[in-house]
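Mind having a look at this structure? Questions to follow.
Labels run A, B, C, D and E following the written order; every chain starts at residue 1.
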Amino acid sequence: DLLDNIMAAKKIRIATDLAIPPSGMMDASMKPTGSDVDTAELLAKDLGLEIEWVQTTGATRIPNLQTNKADVVISTLSVTPERAKVIDFTDPYAALESVVGGLKSIEVKDWDGLKGKTIAVSRGTTQDTALTNRAKDGGGFEVARYDDDATMVTAAVTGQADFIATSGTIVNQIGVKNPARPFEPKVLITTFNLAMGVKKGEPHLVAKLNEWIATNIANGKLNAIYKKYHGTDLPENMRGAS
Amino acid sequence: MGGDLNINHLLFLAHGALWTVGLSAIALVGGGTFGFLVALGRVSSSRAVRLLAASYVQLIQGTPLLVIMFLSFFGLAAIGFNISPLLAAGASMTIFVAAYLGEIWRGCIEAVPKQQWEAAEGLALSRGQRMIKVILPQAIRIATPPTVGFMVQIIKNTSLASVVGFVELTRSGQIINNSLFEPFIIYSIIAVVYFSLCYPLSRLSRRLERTALQKKPALA
Amino acid sequence: MNAHSAPPAAAAPVVALRNVHKSFGPLKVLDGVSFTVPRGEVMVLIGRSGSGKSTALRCIDRFETIDNGEIEVCGRRVDDARLDVRALRQDVGIVFQSYNLFPHLTIEENITLAPHSVKKVPKAEARALAAKVLAQVGLEEKLHAYPEQLSGGQQQRAAIARSLAMQPKVMLFDEVTSALDPELTGEVLKVIEALATEGMTMVLVTHEMSFARGIADQVVFMHKGKVHEAGSADILSSPSTPELAQFVGTGL
Amino acid sequence: MGLELDFSVVLERWRALLDGAALTLQLAFIAVICGAAIGVFGAIGRRGGNALVERLCGAYVEAIRNTPLLVQIFLVYFGLSSLGLKFSAFTVAAVALTINVGAYTTEIMRAGFDSIHKGQIEAAEGLGLSRAQIYWHVIIWPGIERVYPALTSQFVLLMLASSVTSQISAEELTAVANYIQSETYRSFETYIVVAFIYIALSFVMRFGFWLLGLALFPRRRRLGTPL
Amino acid sequence: MNAHSAPPAAAAPVVALRNVHKSFGPLKVLDGVSFTVPRGEVMVLIGRSGSGKSTALRCIDRFETIDNGEIEVCGRRVDDARLDVRALRQDVGIVFQSYNLFPHLTIEENITLAPHSVKKVPKAEARALAAKVLAQVGLEEKLHAYPEQLSGGQQQRAAIARSLAMQPKVMLFDEVTSALDPELTGEVLKVIEALATEGMTMVLVTHEMSFARGIADQVVFMHKGKVHEAGSADILSSPSTPELAQFVGTGL
């Protein structure tokens, strides 16, 4: 049983991608930081465990679990039924509000306004899936997929992309990087639940994590972490009682 | 997010560059050793061994290194060998480099004139003695320039080790860029670092090639 | 099929080819070649380019396998598939047109390599041997030179010395002078003459008719894969077939 | 291990994989054609007389060969857009790959041209052929013939390397693979399938170049000497 | 300094060297060489290796520039920096020891290349020309062969045919037979003899003394970069300098 092993070793191996701000990134002194990092650290502290970071990229988050190179993945995993066939998800510990952001100078109010435009996304994310489906169903826009958020943001900053689909936090960042191209959220896509990923067939570990998540949502700690990095509170239905 | 580029970022990059150098060295040693066997296999007297070595080369040379990296790290783990990222990166670089170096070296072994083989045979040397005492010492001379040249490719290819969680030069640049969003500065720095690692080797390879060329008429 | 069974009689020829056939794909190169070389004799093989001289020589040292016929060298059946090839080659020295010295070794290392690694002669003894055979070909002072530092004639003599160091019972020479200019040719021929005087059994392919005349106990003229005419060196002066007559006419 | 492979989820996205493979080949095709043209002129520039041109071609070759393709692609893609020039990802990918393979081709072709014996050139000069005619008839074609295997390998390598253009939103094979695997989390299956597709593509390319070689070098065909 | 101004007189020599000097770095290779070759004559250049024969020949076709002196070929001043080199080379055919046929082209393509691309002779006409010159050298059936399918002698004859197809006014031959065996040498010399009979002006470097004797209107013996002795072919039989005597003695 994985949970027993973890508790016996007093060490938990947590996989996270440190190149997807603001969830996982490096601070100015090159220490891991971000909302997922803080969540993981809080989790380890509460369980009295030491963390062993497993560096992953987007593509290797799941194989790391499957091949037992990490115990838990905390790296902006959004829950979809397709994915749930491959790994087990905990209850959501956060949510990601995805929006289509665009240049302030371009007037767009709703999906119709996006007709004929090209929207940049980070490849394979749930935003990508949502937009791709919408485009297929006559959405009237193009989707340009970048390998990660950073490249997508760079495309927006340098002028390759006028619209991006990502979290509202990131949309607001672009204007900071390049004042000549301020972006603002235009259309809400949806809100995705973010959960921790665990290898299939470890009910005890999942139960333990669910219990911790419930506690920390209730006591508001998870909301605090979220607010610190994303600038907004968690959605109402997830917010704790504090 | 991040802020401005500071000394910590540069140290982080330097650390990444060290890993790039280290991985290259591992790749060269591992790939060199295994590649040597591949080269011997390619010129083996046994048809089966030749075929095996040739298929190996064909297979690996047709597969992107990224895929090899992925499959050897997670693939090996999936069948029960849980290896560290270092071992996995080393193993896949070895597999990849061996296919290329093996092929380069086979060419060099075959470039030793047939008459040298026959002269050694006529002196009753065994196959092993012929290889070790007559053919390889000559092949090594021919092989040095292209081998040094190929090392440049190795250095650049280590960047793909990021897929197994390795934070080498390119990946550390990406991590920094993803918190700073300064692609120009950061990728330019990376380009300069790669260039300063690779260029001396390119030059060396070119020089060795030239001296080898100048030596040729004297040998003929 | 009495291979290996008969021990070599003292009077038995050192080299014997009996009705040897050899093709390269569709090309018939040796078409029933027979000749024998008794101990201590010098046989000269002549013929036009492509007539099969080199191939015959290479078959003797098992560089080529034959399709049909028998080859016996120093009491060994060379056509036997189970032949111990390396043992054969200890008895046979072969020298080619392109000297084929090992460029990465000094002359001494070239010479001591085979005795030391094949015959397990101790290093010191092998060195003494090298000095001896080099003296035999008049190159004693080149012991520590590399092949590329030698002239063509010197390289060819060093190649002969390298073969001699294995103390073979028979030496094969394939046009050993044709890459050399007349002056250097002279040097090499002198070495071969000296070997003949010392009683070495030799088979040599050469285009130097006057040399052949002087040294051959037996001359074999090959034509289209067959022994077309054979006999003492006299056949060069009074050929009995028009082909040899024409060959000697142009070859001179 | 409890890892069960299920390829159906991946294989049912065969259309996307096919589109990706087609784009990969398309990128390789464009880069090979344009890169070969750059290679010919680059090689002539590196050999021919003018010190400034020689330097420039040399600097181009060294700068490209000693830096990673990914970095080159980023610099082209974001460089152009910062200058206000906005091109499609496909265009930029094709341009960057062309620049990259052009440098390697320049180097390989230079070696091929250098291997043409001086006697051949003197014979052509003796017949009164102009410099351009000598290049065309006596240096370029026979030179390419000599390095044809090296060129073929370089082009196959380029096809494999084109996978990094997924980073700037070109929907080639690796991009499709990444999409599928993050949509389904079936990483192994995806990578195994993709490995097979790449191996197949490289066989197809080698075969294509072999056929092209037969057409370009009739002597090889007539005399049956392999390239 | 009357370059280009004087039109070539009918009686003017086709090739004239006047006091030609040429050094490679510190090495003086031509040291005041003068000779003239009238129209329709055959000049044979002999001398030891390194005496400057090839260099002299190469200067005539402007493969080397000279340091000092004058060279006139078909009324053109070759030493003039403004010389139209390609025009010169349409008048001069040169054939080297290494045949230098273009290996990737058939014999016909080798021959038609220059007439078609330099002289703009239409393809069909160039092909007819190729057939004609190949017949001249006895190779009509090799039209569609590639060089590597030909023997050395045939390749050399094809190279001569290639030069002839440009219908040059003078042909230069540099040891065109020294890579060939005696039989093949014979073939090539026959072709050159036939050219001489047809009245082609020729300068040839050769080591075949008997051939030189038979064909030369004029023999020039070079020694250490100078014309050491010159005259009719008779000088080969009765040399007046000890150097030529020695050369002829060894050269035969």
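FYI, a contact is a pair of C-beta atoms (placed from the backbone, for glycine too) under 8 Å apart; a residue touches a chain by one contact, two chains touch by 3 or more.
It should be emphasised that the depicted structure is a prediction, and the values quoted were computed from it without experimental measurement.
Rotation angle relating chain C to chain E: 170°, from a CA superposition, given to the nearest 5. Chain centre most remote from that of chain B: E (centre = mean of CA atoms). Centre-to-centre separation between chain B and chain E, using Cα means, comes to 53 Å. The distance from the centre of chain B to the centre of chain C, each centre being the mean of the chain's C-alpha atoms, comes to 46 Å.
Rounded to a whole number, the gap between the C-alpha centres of chain C and chain E is 41 angstrom. For this pair, chain A with chain E, the centres built from the Cα atoms lie 82 Å apart.
Shared interface positions of chain E, defined as residues touching 2 or more other chains, are absent.
In chain D, the residues that reach two or more other chains under the touch definition are 1, 3, 78, 82, 187-188.
For chain B, the set of residues touching two or more other chains reads 70, 74, 77-78, 183.
Interface residues of chain B, counted against chain A in their complex, comprise 1-3, 6, 8-9, 11-12, 70, 73-74, 77-78, 82, 85, 162-167, 171, 174-179, 181, 183.
Taken together, the chain A residues at the contact with chain D in this complex read 58-60, 62-63, 66-68, 82-83, 85-87, 120, 123-125, 128-129, 144-147, 151, 154-155, 158-160, 199-201. Interface of chain D with chain E (complex): residues 117, 119-120, 122-130, 133, 137-138, 141-142, 145, 217, 219, 222-223. Those residues of chain C that touch chain B in the shared complex are 61, 63, 86-87, 89-90, 92-94, 96, 98, 100-105, 113-114, 117-118, 148, 159, 162-163, 166. Only residues 113, 115-116, 118-126, 129, 133-134, 137-138, 141, 218-219 of chain B touch chain C when the two sit together in their complex.
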